[in-house]
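After this come two complexes, each holding chain A, first together with chain B and then together with chain C.
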Partner chain A sequence: MTIASVSQAVLLSLTIAGLYAAVAAGLTLTVGVTRIINFAHGEFVMLGAFLTYWLHTRYALSPWLGMAASGVALGLFSMLVYRVFLARVLKQDEHNQLLATLGLSILLLNIAVILWSPDPRVMQAPALLPSLRLGDVSIPGNNFAVALVGLTLFLVMLWIKTHTRYGTQMRFASDDPELALHAGINVDRVFELSFVIGGAAAGVSGGLVALVLYVQPTVGVDLVIRAFAIIALGGLGNIPGALVGAAILALAEGLTSTFVPQGGSWGFGVAFLLLLLVLIVRPSGLFGKQVQT
Partner chain B sequence: MNRVQVRIEKAGYGDLMVVPHLEFAVSGGELLVLLGPNGAGKTTSLRALVGTVDVSRRTLRLDDRDLSRLSTWQLAHAGVAFVPDGARCFANATVEENLRGAFEALRPRGAQGERRRLLDTVFNLFPILHQRQGQLAGSMSGGQRQMLAIARALMIEPKLLILDEPSAGLAPKLVEELFEALGRIKDSAGCAILMAEQNFAAAMGIADSCLVLDEGHVALAGPAAEIRHNERLRVAYLGL
Partner chain C sequence: MGGFFRHMSGRRILATAALAWSVTVAPVGAQQGPIKIGVPLPLTGALAGGGNQILWGIQYAAEEVNENGGLFGRKIELVTEDTKGEPNTSATVAAKLATQDKVDAFVGGFGSTSDFALLSALQRYEPIFVHAGSSSVRLEETFGKNDWYYHVYIWDYHRQKAAVNFFKSIPAVKTLAIAYEDKLYGTDGSKFTQQYAKEAGIEVVMNEPFRAGTPDFSPILNRAKGLNPDVLFIIGYSGDNIQIARQAEQLGAQPKLLVTQGAGEKRSDFGPAGDNVVVIDLWSAKQSTPGLADWVKTAEAKRGGEVVSSAVQGYVAMKTLTDAAKAAGSWDRSKILANLGSMTFDTPYGKVAYAAAEMGGKHQLITDKSMIAVQYKPDSGQEVVWPSDKATGKITYPAK
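Moving on to the complex of A and B:
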């Protein structure tokens, strides 16, 4: 274990943290505002990955544009899902919401398997950015791009929530939906908007997945579990907290799989052991407020 | 003029009907207080009016406009501001964000001057809010949150201001301060005010007319001056 190998592992983990952060950023916006636990977020990511992959392999579209197209496509798809499906379920009991999004997740996953087979695919894209060399350490260009886009997506979510008037309305609607109605806010539309923005973020994250992971129908499953873990670590609805959560999770996973013999299969487990420990000590997450009821 | 006419039929919660029928009118610059003990149907009536409880028929007219079909959030855009009970604010936002957000929910971009003017008005009414602009609403005392709740409602320049038990849970000194402010709003803002209260003495100090509810029915209605001096009615319906 040399300094170079450790720094290499740390930097690579941090780029993966960028991907996790991107997936979690959209989810935390949606969950934080609407309180819908959207299990299908992972499948939205998967659809974005497939779209970016095909746009590249069939139409030779640059993954940069593929990402943007996936963002738009999944934003529109989220609007459809919200209008015909979730808006109705939102008025129901919370358990029904959970089952509804879980059902949607399984449905989308299986449709993908039927239509496109479960085979993993690799997008043969030229590196989007030159690789980053720091002394003996080198970060492949696509990893660098993932980290960069992930972080940007994160900052955009944060900016929407804190610096736009829709952001204020989102915060009001999540704080006290009924009072928000009395303040003249069309809460239903604000919920829809936050769901659509979350979906668009999932689409862009899918583009990142296509750059560094296998494109396959099940790719969203592990990612959405990680995203929920990251949100729990950072505290519900706390966007900066989720960024730290993503870094912690990716580092725990990356370092375990690099330095523990046969650690490849341990990484996921160690990361979640860490999550359990944090939640035992601080049930509201590292940066979450203690909930008062 | 801000003349408000209200009629409510069968308001309640699912199968539980609390208020069978209620009708009243209130004009700009006038304060109508709904009195009555707990469970008399005051809150239910107000919530039926703003559309957050079940009601089989609601008629709401503001001058020549028929607002009967508007939903809760649309009513705010039509100039009806509701301050629910419990000094509710957007707890995770600052005082300034609560006020600015309420203004921006209704107004187009760039109405800076108007926002400034309304902010000055509410800060003038409640100077403590000016000092606490940057504080999170959830971390303030009950009295300060109630002031913020009312200030938030005033940021939309309402034509009808509806308050549900604004004095509940406040110390007598604060109640006095709050009602003094309400009196000033009544005189200067030109809006009609409808208020549910249990604090008879404080409410009668500023009310122009009053309506006493008893188990969902109107037990007594009339100008405040009459009811204030009607010993028999006070004892019978208000236990005073």
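Moving on to the complex of A and C:
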């Protein structure tokens, strides 16, 4: 173990945290406001990845623009899903909501496999930012791009929630939907908006997946598991907490994989062991509100 | 009968004979109907890519027979069922094909876990089963000893044996680093690779697992960089193979030679990161095999695109069955099984015959001896570089 190897592992893990943070950003907003556990969020990410890939491969569109276009497209798709599907399910039992989004996840995944096959596709895009090379430490430029976009998405989510009128309404509606309704807030509209913003964030995250990973129907499955872990770690609906959660998860995974023998298998498990320990000590997550009983 | 014919003119005798022949011979085929072949394959779900390729190969081989008049005047009818790659669905599909459709034989199967359920459900019927896909040794150990079971695709250890034989063919290769996905496929692969490498006198300096689909392979690449092995061998799925080559290039951590096990990925998927990467594979349209170029040309014209290795598996599975049936002269189960076991078949792999395998399988068609190593060249092309009798070019080593 050398200073260079530790620096490399830490820096690369933090850039991977950017990808995890981007996927978790939209999910934490949606779950925090509507309390809908959207299992299909990973498939929204997958659709964003496919769209960015095609826009680049077929129309030579820059991945930056591809990400933006995927954000808009998945925002619109989320609006459709909310209006046709989730708005009805929201009025039902919580278990039905869970099963409904799980069903939507499986449906989207299978449609993608049927339409596009399970084969992985790779977007051969040039590096969006310059690489960092300091002695034996090397960080690819696209990893910086991922970290940058992940951080930006979080800041945007935070700004929407804390500095806009809709953000105030979102917080009000999530704390007590009935009271918010009596206060004249269109709770349904607020829920829809948070779901659309979450979907748009998933679309942008999909662009990041296409940039540093590969595009495949199942690509969102592991990522959404990590995203749920991150928002549980940070505290449900707590946006800065989720950012810290993403960094903890990525560092635990990356450092274990690098420095523990046979660590490639342990990395994922250690990250979730950490999550379990945090939840045992603080059930509301690191930055969640403690509920007194 | 002789008296009856004595009262008839020559023309009437001929007409009567023709009528009798048409009544007794020609309609036999029609009365018996087509020969029904059950084709259970994953056509949707995670294994659909390979399943659909195998299906095309089976259909192509059946069409070839039907276009030439069928088998003993009977057409081949494929009864295709989607196993979805799920054990429960596979067992249901097996029962339907055997009892409801009453198929004459089975050709297909892909995905070891679901095929275990498929074969478990079928074994009581003892059908002729020509298995196109699946490589788990557990299948060989459980079903391989049956007289009715014929397996086309390699077993897991054949890949590793071929890989180590390829490493041995490069004189400078003395050390090996292995990175494997941490489920059954990769773990078994790693175990067999270590065993064969030890027998070959190659030192294994690293044996690291990874989680399939992981976005970050830098821990493995950096560890391998420190050890500087003569070969870094990846046992993973196609996405992992591409991602590791891509990150090796981005991090400047390319080993002397990066070798992967072919898992369906294409040269174009790798881009420049694929330069000089070697893929251990079953078959290449470019390999030097007598008559192959013409077969590929015709098949690609029919396919309207590239014919990939898994499609060839399906084609060969169907072809061995129809060749064995043709040689039997009628649909005689015992004769067909005997022919499958004794004949040599002319296939896109070359001339091959079913023979005993190492872990108890009685009828195995493709082994490590049929396998090849393909090196991706920097001009976006690729060359078969091993074994020498199938090679179309020379290996670039070290690659970096």
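One rule holds in what follows: the second predicted complex is superposed on the first by the 287 of 293 C-alpha atoms of A that agree within 3 Å, B and C clash if a C-alpha of one lies under 4 Å from a C-alpha of the other, contacts with A are read in each partner's own complex, and residues count from 1 in each chain.
Here, contacts are C-beta pairs under 8 Å (C-beta built on N, C-alpha and C of every residue); 3 or more make two chains touch, one makes a residue touch a chain.
Bear in mind the structure is a predicted one, so any value in this text is a computation, not a measurement.
K.L.:
Looking only at chain A, is it chain B or chain C that touches more of its residues?
P.N.:
Counted on chain A, the partner with more touching residues turns out to be C.
K.L.:
Pick one for A:16: touches chain B only (first), chain C only (second), both, or neither.
P.N.:
second
K.L.:
Applying the document's definition of touch, where does A:171 land relative to chain B and chain C: first, second, both, or neither?
P.N.:
first
K.L.:
Of the partners chain B and chain C, which touch A:186 in the superposed model: first, second, both, neither?
P.N.:
In the superposed model, A:186 contacts chain B only, not chain C.
K.L.:
Can you name the residues of chain A that touch chain B in the complex?
P.N.:
Residue positions touching the partner: 165, 168-169, 171-172, 175-176, 178-187.
K.L.:
Which chain B residues qualify as touching chain A in the complex?
P.N.:
Interface residues on the chain B side: 50, 52, 72-74, 76-77, 81-84, 88-93, 97, 100-102, 104-106, 109, 152, 156.
K.L.:
Which of the residues in chain C end up touching chain A in this complex?
P.N.:
44-49, 52, 179, 182, 208-211, 213-216, 218-220, 222-223, 226, 238-239, 242-243, 246-247, 250-253, 264-265, 269-271
K.L.:
Using the touch definition from the top, list the residues of chain A that touch chain C in their complex.
P.N.:
Those residues of chain A that touch chain C are 5, 8-9, 12-13, 16, 19, 110, 113-114, 117-122, 124, 131, 133, 138, 140, 142, 212-214, 216, 218-219, 221-222, 253-254, 257-258, 262-265, 267-268.
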